[in-house]
Amino acid sequence: MVTGLEPIRLGIIGGGPGSFIGEAHRVAARMDGRFRIIAGVVSSDSERSVRLGPAVGIPVNRAYPDVQTMLRSEGCRPDGIQAVAILSPNDTHHRFAVDVLRAGCHVLCEKPLANSLEDGQSIARAARQAGRIVALAHVYSGYPVVRQARAMVRDGDLGIIRLVQVEYVHGGAADESVPDDPKGPRGWKFIPGRIGPSQVLGDIGTHAHHLLRFVSGLEVDQVRADIGSIVPGRRIFDYAGVLMRLENGARGYLWTTRAAAGIENDLMIRLSGTRGSLEWRQESPQRLDFRPLDRPAELRTQGGPGTHGDSARLLRYRAGHPEGFLEALANIYAGFADAVAGRAARSLPTAEDGIEGLRFIDACLESNRHDGRWTFIGRK
Amino acid sequence: MVTGLEPIRLGIIGGGPGSFIGEAHRVAARMDGRFRIIAGVVSSDSERSVRLGPAVGIPVNRAYPDVQTMLRSEGCRPDGIQAVAILSPNDTHHRFAVDVLRAGCHVLCEKPLANSLEDGQSIARAARQAGRIVALAHVYSGYPVVRQARAMVRDGDLGIIRLVQVEYVHGGAADESVPDDPKGPRGWKFIPGRIGPSQVLGDIGTHAHHLLRFVSGLEVDQVRADIGSIVPGRRIFDYAGVLMRLENGARGYLWTTRAAAGIENDLMIRLSGTRGSLEWRQESPQRLDFRPLDRPAELRTQGGPGTHGDSARLLRYRAGHPEGFLEALANIYAGFADAVAGRAARSLPTAEDGIEGLRFIDACLESNRHDGRWTFIGRK
Amino acid sequence: MVTGLEPIRLGIIGGGPGSFIGEAHRVAARMDGRFRIIAGVVSSDSERSVRLGPAVGIPVNRAYPDVQTMLRSEGCRPDGIQAVAILSPNDTHHRFAVDVLRAGCHVLCEKPLANSLEDGQSIARAARQAGRIVALAHVYSGYPVVRQARAMVRDGDLGIIRLVQVEYVHGGAADESVPDDPKGPRGWKFIPGRIGPSQVLGDIGTHAHHLLRFVSGLEVDQVRADIGSIVPGRRIFDYAGVLMRLENGARGYLWTTRAAAGIENDLMIRLSGTRGSLEWRQESPQRLDFRPLDRPAELRTQGGPGTHGDSARLLRYRAGHPEGFLEALANIYAGFADAVAGRAARSLPTAEDGIEGLRFIDACLESNRHDGRWTFIGRK
Amino acid sequence: MVTGLEPIRLGIIGGGPGSFIGEAHRVAARMDGRFRIIAGVVSSDSERSVRLGPAVGIPVNRAYPDVQTMLRSEGCRPDGIQAVAILSPNDTHHRFAVDVLRAGCHVLCEKPLANSLEDGQSIARAARQAGRIVALAHVYSGYPVVRQARAMVRDGDLGIIRLVQVEYVHGGAADESVPDDPKGPRGWKFIPGRIGPSQVLGDIGTHAHHLLRFVSGLEVDQVRADIGSIVPGRRIFDYAGVLMRLENGARGYLWTTRAAAGIENDLMIRLSGTRGSLEWRQESPQRLDFRPLDRPAELRTQGGPGTHGDSARLLRYRAGHPEGFLEALANIYAGFADAVAGRAARSLPTAEDGIEGLRFIDACLESNRHDGRWTFIGRK
């Protein structure tokens, strides 16, 4: 959606050639014409960063060797970057985000926000001090049908939420003949110090946790968790099962794994309330199953009859024309652009959401260390 | 499948007019012509039992006032009953089963086998002493596609099982305007002393537990459970979430509830092993999703290409002609008839399966009482 | 559903050991306890008929060598047959049906009613003269969800029907390495004089035609047809495409084939009216997709909310417990039993439906002979 | 996919503010960074075109009053447009395309190519004379899974194609309370002289026809058609049913309508060959059902195991991350960009495809005028 505003000038950190997530962010940023990617540090190796930046569309003289150089150089230009997308490994999020914010730019950060609650809180503090936005790439909350689910819950279509089920089942680490190789591509994902303490929870489980909060409007209060490596020889945790109590007393579970052979990217949420149940699965994202208590089940479609304004305004085309993962990410970017422009963007995942995600992970890890006892999520 | 054998003469306990489960058992028993229902005690009220028996097809003079009378009278006839289907409330299973076995008849019992592990073991003992069969109506294991899943696991199509997910989500107790009424129809289901200590677990969760064992061939070793009533004012437990460790180290969860508004009868199993994942849902029972590690996903259909003999021999018609819940129950009856006739029936759920189910429930209850700690399932 | 009435005494013609359709009819007849199969002629070979009858449950002394003998012998007994199920090859339907009716028995006949319109009309005449019932085994109209669709159309949920789509796509004759073998099992199906002039239309297309009439309540008025053999060397027609105009002006098509490799039994109907569209597929028979003009799409389930009484009263169990093909056939039997007992059975397919089916086939064949011109279905 | 090449400078004709198709093209053109939209004529009203161009992102001084002015002005600039996307009403395609080509620019044209075969051929001639590309926006052929289907057919996975089914069922004109209003928004769609002789066939049926050719690799040889207006008072044809014979003897049908109440955008193709059947539906575009003759059915997923290179190279992200309608259109744009750059783009729909579509429509209209007789598609 072209808005009449000038595109926001965006820098990127990470996401060099061959990076899936890098390409996804570039497509999403371009899609609606609200950003122009004009600078970047696409590798932690200075020489590669300068050399390979242009291969992903960074203008030659603005492919920088490191983040500090980018921030300093761009800061001196009248047409310098206004915002930065941070796509680098998890352990760098904190450092780069704080630097970017202090340089006066807005941040759009891949999840998890940081590798510790303290670091996450430090980012939020830096944002407040700088008066800048931090958006978090919880892409699945950008699907129009997920916004529809959120609106239906908020409007009371489900009544009081009683039971919640969230799953993120993935097969990326299922092939046991492929060892965790810290020296291979994306090898940092196999180094606990870099991917963070939670691993499967930080990598994908946090999406499920955010989806639950986003759609239900409820916080998790207590958890009982079982976390570990089911595949022999894995260096990092590859599954987590969590029983949950929500702030309103609802019960539920979160189940996540990257070791489910043959499964692609099966993120699922089902909520049951006093008036009905809702179910959404990411692999067929255009449909939402709504089962009211005592009326026929409904199949809500992307943009179809009954679509709430919060969902409809995300659509780039009409009902029956599927939008997908990249449009969902573009919707996050659109919310970020709105926020940067000073407009309300109440559905945009922010640093506060990232902090809540880190609190959840901490509580799960603590429960897991104590034989799975109920563990409260500390929250002020 | 007519077998050339005389039909087995069957008596029934419970399942009077208006009972869904009674009608289901009668249809299933009739379907293949291997049973004739010739006697019964269809109510705990003697007068009603005698009066209403004929309304469900019991010959007038063989509708008895109580179980003792039936067993004694039938025992004196050359054409007396050979087997009894026990469809009465849970708390009566133990007493009636033992009586029937001591009278020399075989038993097909609704689940749960009994309301305590001790009672379940007592039934098994009585069966051994009498040299009679006890079959348990774990109907879902009778679906041809469930047998296919079991065969595929046994043949190694999934490799080593690593992760298991079982759910039984039901909406029968979701309407919060309908109180648990111990005096209403099936009111015994709201009396803890009658439905048993586990309630949602004994009523439907036990089906999920058995399905997991039946398909995976694995026993559950340890559990962490959260069990309770999510609907305010419920007299009985209406949800249970259980994290599990299986005997081979696999991890998983079992989730069950009767309070999911709008959901009908969503029993689901998904297993992931080193070579692939399998998923089956009861509400579309003719299909089995098989996702091998590195080949295209397969949709196995009831009787379709690749059907294992264990599944194919259950079919009454060809691929593309759905069989349903009643055929699944009829397959349990067919296995029972085979067992009574002295033939191998290795897929028939028995008293031993019932005992394993009671052990699982006991361990879940114990874990729940101790803040959800890991609790071993005692097994000799 | 036991009714308190004595079971109807049933004879069968055809359906010997190994016959799928024979087994299906026996299961369906037994399922609700309203029939007892007590006599039969299970082969056209007298010796085999007498010898093999008991193998499918016919009492030894009532397995007859031929139809005339059965009718004569049973006619002399006070406990003789009251009705006959005709499961023999198409070319025998007319002869046997007329004989059975003249002997004073009711008839339940497999489709097609006969191999010519004249023969079909002769059967109907014989039924009127004898005052006996002729039911036609259009099994798919026995599915509870198909009855629901019919009720919704009748109640105006779709408004005026504008467009109709019916397909019956099957793969039974797709394997081109398997020749049509008139001497093999069910070899009569490859002899045009026995299977009839229409072949794919009489074998399966007639089910689609009946389903359309049954659900829509509309007759077909004109057709343009393309009929032929797509597989080289087939002796019989294996596909038919028909454009249709219905009596109210609605347009549509019927597509049927037995040469669709890998497809099992995909019978489908979709109707679009001024107020919405309905779709049902036989391979997932428990669901009905209803898409109203301007409200969210609905997924109607077997026995779920919004179920019409005409559908609900067929159910043997509750919502969420799939009933299948055999229950659908049992529902045809139940309607037949009602009709024999003198009760209203307005959804029962009868000889009149069979005649309408033969008229449709005749018109399609005539159109096909004349370069596909619009051809009226003659109807008085 | 950034390619290291400079983006192609694109002008647009049509697609002003509020135009769905305009927004879709702009998103698709932007998505991969291979085009920059720098000029346009977004309305047939000169004043509006100049005024509203900037609202959809056209630079202020390059929003032209008419096509001639744009072509002349841009032709004088060193940084002038290299290609033009024609999104204006059908009756203008011929005129604008010829003008654009003569001005030396490449053309990407919405379907149908033109309103008559002669006009279509004239466009192709102009392209040959100018040595320029004409691409046709048959967007559905841009879906990765459609490319997969095409590759599987070409590789022989289906064997010899015997039967084809294509449907495009849409509900856009189903609401009978909304009259065809030539003066309302997109009113030209209700003026036969502007939308063209075929209407429903040119508007959506041509997509189904192209999809059939694209996936099967076969041309249609003969048709029998029934075309008309099913909704009373419609000014234009709203349904078409076509029986088809393909060049290799395969049979099939094409069914299309815009009057199916409640249906969104249900484009479907099913092909059956000697070795199996394939089915794809646009509303769940990430899956492809493959049913081999005698092996288990397969569910091929976008980017999943077994993905052909022709499909895989279109993906912007990994398996399990749905791409949708806009990505499909972006894939057409990418193919157009490749062709403009002189690279092979053999899957790109071109003027020749458009001409074949017009021949099909002509033959259908002729058959319809002659009582539906078989009509050959003239082809040199």
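Each chain gets a letter, A, B, C and D, in the order it is written, and its residues are counted from 1.
As a convention for this text, a residue touches a chain if its C-beta (ideal position, glycine included) is under 8 Å from a C-beta of that chain, and two chains touch if they have at least 3 such contacts.
Since this is a predicted model, take the numbers as computed values, not measurements.
Distance between Cα centroids is largest for the pairing of chain A with C. Looking at B-D and A-D, the interface holding more C-beta pairs in contact is that of A-D.
Averaging C-alpha coordinates per chain places the centre of chain A 42 Å away from that of chain B. Here the spacing of chain B and chain D, counted between their Cα centres, is 55 Å. Centre to centre, using the average C-alpha position, chain A and chain D are separated by 35 Å. Annotation for chain B: residues touching 2 or more other chains are 290, 292, 294, 297, 301, 304. The touching residues of chain C, when paired with chain D in their complex, are 158-159, 162-163, 165, 167, 169, 171, 174-176, 224, 226, 228, 230-231, 239, 241, 243, 249-253, 255, 257, 259-263, 270, 272-277, 290-294, 297, 371-374. Chain B makes touch with chain D in their complex at residues 289-290, 292, 294-301, 304-306.
If you check the complex, the residues on chain A that touch chain D are 1-2, 4, 20, 23-24, 26-27, 30-33, 54-57, 170, 264-266, 282-286, 301, 304, 316-327.
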